[in-house]
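Order of writing sets the chain letters: A, B, C and D. Residues in each chain are counted from 1.
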Amino acid sequence: MKKIYDSAEAALDGLLRDGLLIAAGGFGLCGIPERLLDAIRDSGVKDLTFVSNNAGIDNEGIGKLLRTRQVRKMISSYVGENKEFERQFLSKELEVEFCPQGTLAERMRAGGAGIPAFYTKTGVGTVVAEGKEHKEFDGETYVMERGINADLSIIKGWKADEAGNLMFRKTARNFNQPAATCGKVCVAEVEEIVPVGSLDPDCIHLPSIYVNRLICGAPYDKKIEFVTTREREEA
Amino acid sequence: MPWDRNQMAARAAQELEDGFYVNLGIGIPTLVANYIPVGKTVTLQSENGMLGIGPFPYPDEVDADLINAGKQTISELASSSYFSSDQSFAMIRGGHIDLTVLGAMEVSQDGDIANWMIPGKMIKGMGGAMDLVAGVKKIIVVMDHVSKSGSPKFIPECSLPLTGKNVVDLIITDLGVFRRKDHDSPFQLVELAPGVTEDEIAEKTTAAYEVAL
Amino acid sequence: MPWDRNQMAARAAQELEDGFYVNLGIGIPTLVANYIPVGKTVTLQSENGMLGIGPFPYPDEVDADLINAGKQTISELASSSYFSSDQSFAMIRGGHIDLTVLGAMEVSQDGDIANWMIPGKMIKGMGGAMDLVAGVKKIIVVMDHVSKSGSPKFIPECSLPLTGKNVVDLIITDLGVFRRKDHDSPFQLVELAPGVTEDEIAEKTTAAYEVAL
Amino acid sequence: MKKIYDSAEAALDGLLRDGLLIAAGGFGLCGIPERLLDAIRDSGVKDLTFVSNNAGIDNEGIGKLLRTRQVRKMISSYVGENKEFERQFLSKELEVEFCPQGTLAERMRAGGAGIPAFYTKTGVGTVVAEGKEHKEFDGETYVMERGINADLSIIKGWKADEAGNLMFRKTARNFNQPAATCGKVCVAEVEEIVPVGSLDPDCIHLPSIYVNRLICGAPYDKKIEFVTTREREEA
């Protein structure tokens, strides 16, 4: 049972078709599955729906697939900082379902955990809750939100062992973990593939069961949206 | 003289208690971190999956994998921990965060807040704001008392789409502070910025409020 | 000659495919681990929070913090990982486990299973059995064909309180194997233990089934 | 803000009263908060309800508080291997709510995550679902289960730093993680308290926000229910 593939293209072989619902990890440009997004763009599949917290920026992340018009719909919490997105959204070429960030993360986690729906206070009394079922619990009103099950999950990790056990690094974990669990198939790209036994079993963020296919995507040239620094004190 | 951005942030920081876990929004709320009272341990949460936000990094320590919810580079502390977005919002939605400071376009006299979209303008999305106002124990809004065009922002009813209904506990503007003791009570004007009068507040506020200076 | 415990376990092991993630119940199902086909990678899950169960430990390596769902001491493998109970059952409920092998007191012709309580006797609880039968992709029951008192266990309708309704895919008894292609189809008798006849099965089974030997 | 206390008794000071709903970590005798259970027993509070996967065994774990008759009700998935439990249960001195193990873990997690209810297929068509709301999603029937919010959580960890960041060890993690999140207050006992900075921020199982009070309970003499071993091959 070999999970490791030589390239993003090989790892996605047989998984892509028009109209897929794809769950993608990442927050802004932090921890996005760059190699897999590139390979999906190059495959030419279209009418895609992406469940992803953000939509990348111009020509970075999902932004690349917006430019090529392969995306039909986004399910996201925040889509700023993206001119091509704005153009397609305003001209109604692109459909957008806004979902509060925590509800989005929980919907992915729920889908992956066999929970078709849950109740939350988030969004009650706002447009987000319009048309959805409401229910009272202990005197408070909650709205029902649905779990998300994607056709495909694409995620970016830091290290994985050859069995597929995976670790993330710092805030690049973000949506990668819940996104990985909610797809029928999960393809992961990591910075390094290490021998089985190299990772501490107590520190695995994503057990191998969730990683169906794996590539090493190194080297990475990670982009930063806003570099903010402080000055080093004088010695 | 009305409070400036830093003074508003400093005023918000007075609400911090020892041991608090706090989420700070983008803009003026971020400045609150500069005014954490000496001797109090306050841990900052970032909803993209971190507890214990450190200061901006030194230029040679910038790390693309280490950003805050505003996508700015930050640094970690010895006490930091990382987690996924679902765990982060389990923390927020579950009422484990003691306090959040947010900006707002409008706040109503019933504590509704609108801070995520203006009909007709490009919608960028609510991000984590709806989760924060629904889940955090205490919600502080920091905003200018009136809009750039001079119209009141603390009003009888929000005209913009809501972020949350009946959620705001404290409003800090450049002119003063409004507080309410619970979500069934009216807001009370409890503080004035130096040189600001009760009359000036009254003139620039359409929301109903009590005066308890 | 009917199959013994080990032969039943070996038969169940034939259902394992390369790359499968599997949860094994207590009793005969545990023995399935001894018959994993050579050359196939099968990873065992324990619902108390472990993936990659190793064999029983050497006496000097027993670790109180390392047990299986039957509370027996086990060992870890190089590929093992640990997680919490909520994560473990997210895995199970979410359909990520490919196969589970469970014992049963009764199975009905519609695939209902009863294996957790006998009215009037002390109830110990269902543990993770209800979650497993509801969530795992393929449910295999391994049980004696008749009870100790000689009454059929594969029956028209369960008399005992259910663990799950319409969930069983394959039944392996000491006398033979029943399979159904989906949850809307009837069970078919597809294999006999050596020396067991179709008639003997018919005699000891009250459930309706098709014969497809 | 000091979270570290000198003893279990000190850590529980002011938190105990009759009739509490207490969520306790542990699976069987693995990872149970022994010191805190002893201190609760010694405090004499009664009419307690425990949300705990198991009920200990005779005179171990919650079994100790059964013997002293301080427990009114258990919410558990499995209560075998406990004679005193059996006696009280059969004589109806003790109330028991059986809950499937995965549903129990999820109910604790949901309570801690601000989710008052969720839907699951587990238990549909069984006594467990009787009297509960059912709902169809995509042609399948699910049952609604409620989140659990406890008055107090008691858990056992491996290592914690002085800020309260905590790690578990191997399968002793089990219910400790969800139990920690669902209580109004969580008190943790660990085997070792280490200086801040000693634990890898990527490997924290329970961030400090969930740990309100902390003790070092060492030394531990961990009990094993079933010691099973294999023979060492001859050299």
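Note that a residue touches a chain if its C-beta (ideal position, glycine included) is under 8 Å from a C-beta of that chain, and two chains touch if they have at least 3 such contacts.
All values derive from a computational prediction rather than experimental measurement.
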| item | value |
| --- | --- |
| Pair exhibiting more inter-chain C-beta contacts, B-D or C-D | C-D |
| Chain whose mean Cα position lies farthest from subunit C | B |
| Centroid spacing, where centroids are CA-atom means, of subunit B and subunit D in whole angstrom | 35 |
| Whole-Å gap separating subunit C and subunit D, where each centre is the average of the chain's CA atoms | 28 |
| Separation of mean Cα positions, subunit C and subunit B [Å, integer] | 54 |
| Whole-Å separation of chain centres (CA-atom averages), subunit A against subunit D | 32 |
| Subunit C, residues touching no fewer than two other chains | 76, 82-83, 89-90, 92-93, 134-135 |
| Contacts with 2+ other chains: residues of subunit A | 106, 109, 113-115, 120-121, 168-170, 173, 201-202, 205 |
| Chain-level touch network, classified as line, ring, star, complete or other | other |
| All pairs of touching chains, each written as two labels joined by a dash | A-B, A-C, A-D, B-D, C-D |
| Touch list for subunit D against partner subunit C, complex | 27-31, 53, 76-80, 86, 89-90, 96, 98, 100-106, 108-109, 120-128, 158, 168-178, 205, 222-232 |
| Interface residues, subunit B side, partner subunit A - complex | 46-50, 55-59, 62-68, 70-74, 76, 82-90, 92-93, 112, 122-131, 134-135, 161-166 |
| Contacting residues of subunit D [partner subunit B, same complex] | 1, 109, 111-115, 161, 163, 165, 181, 196-197, 201-202, 204, 207-210 |
| Of subunit D, residues touching subunit A in the complex | 106, 110, 113-121, 135, 137-138, 140, 142, 146, 167-170, 173, 200-203, 205 |
| Contact set on subunit C toward subunit A in their complex | 18-19, 21, 40-41, 43, 45, 51-52, 76, 78-83, 89-97, 134-135 |
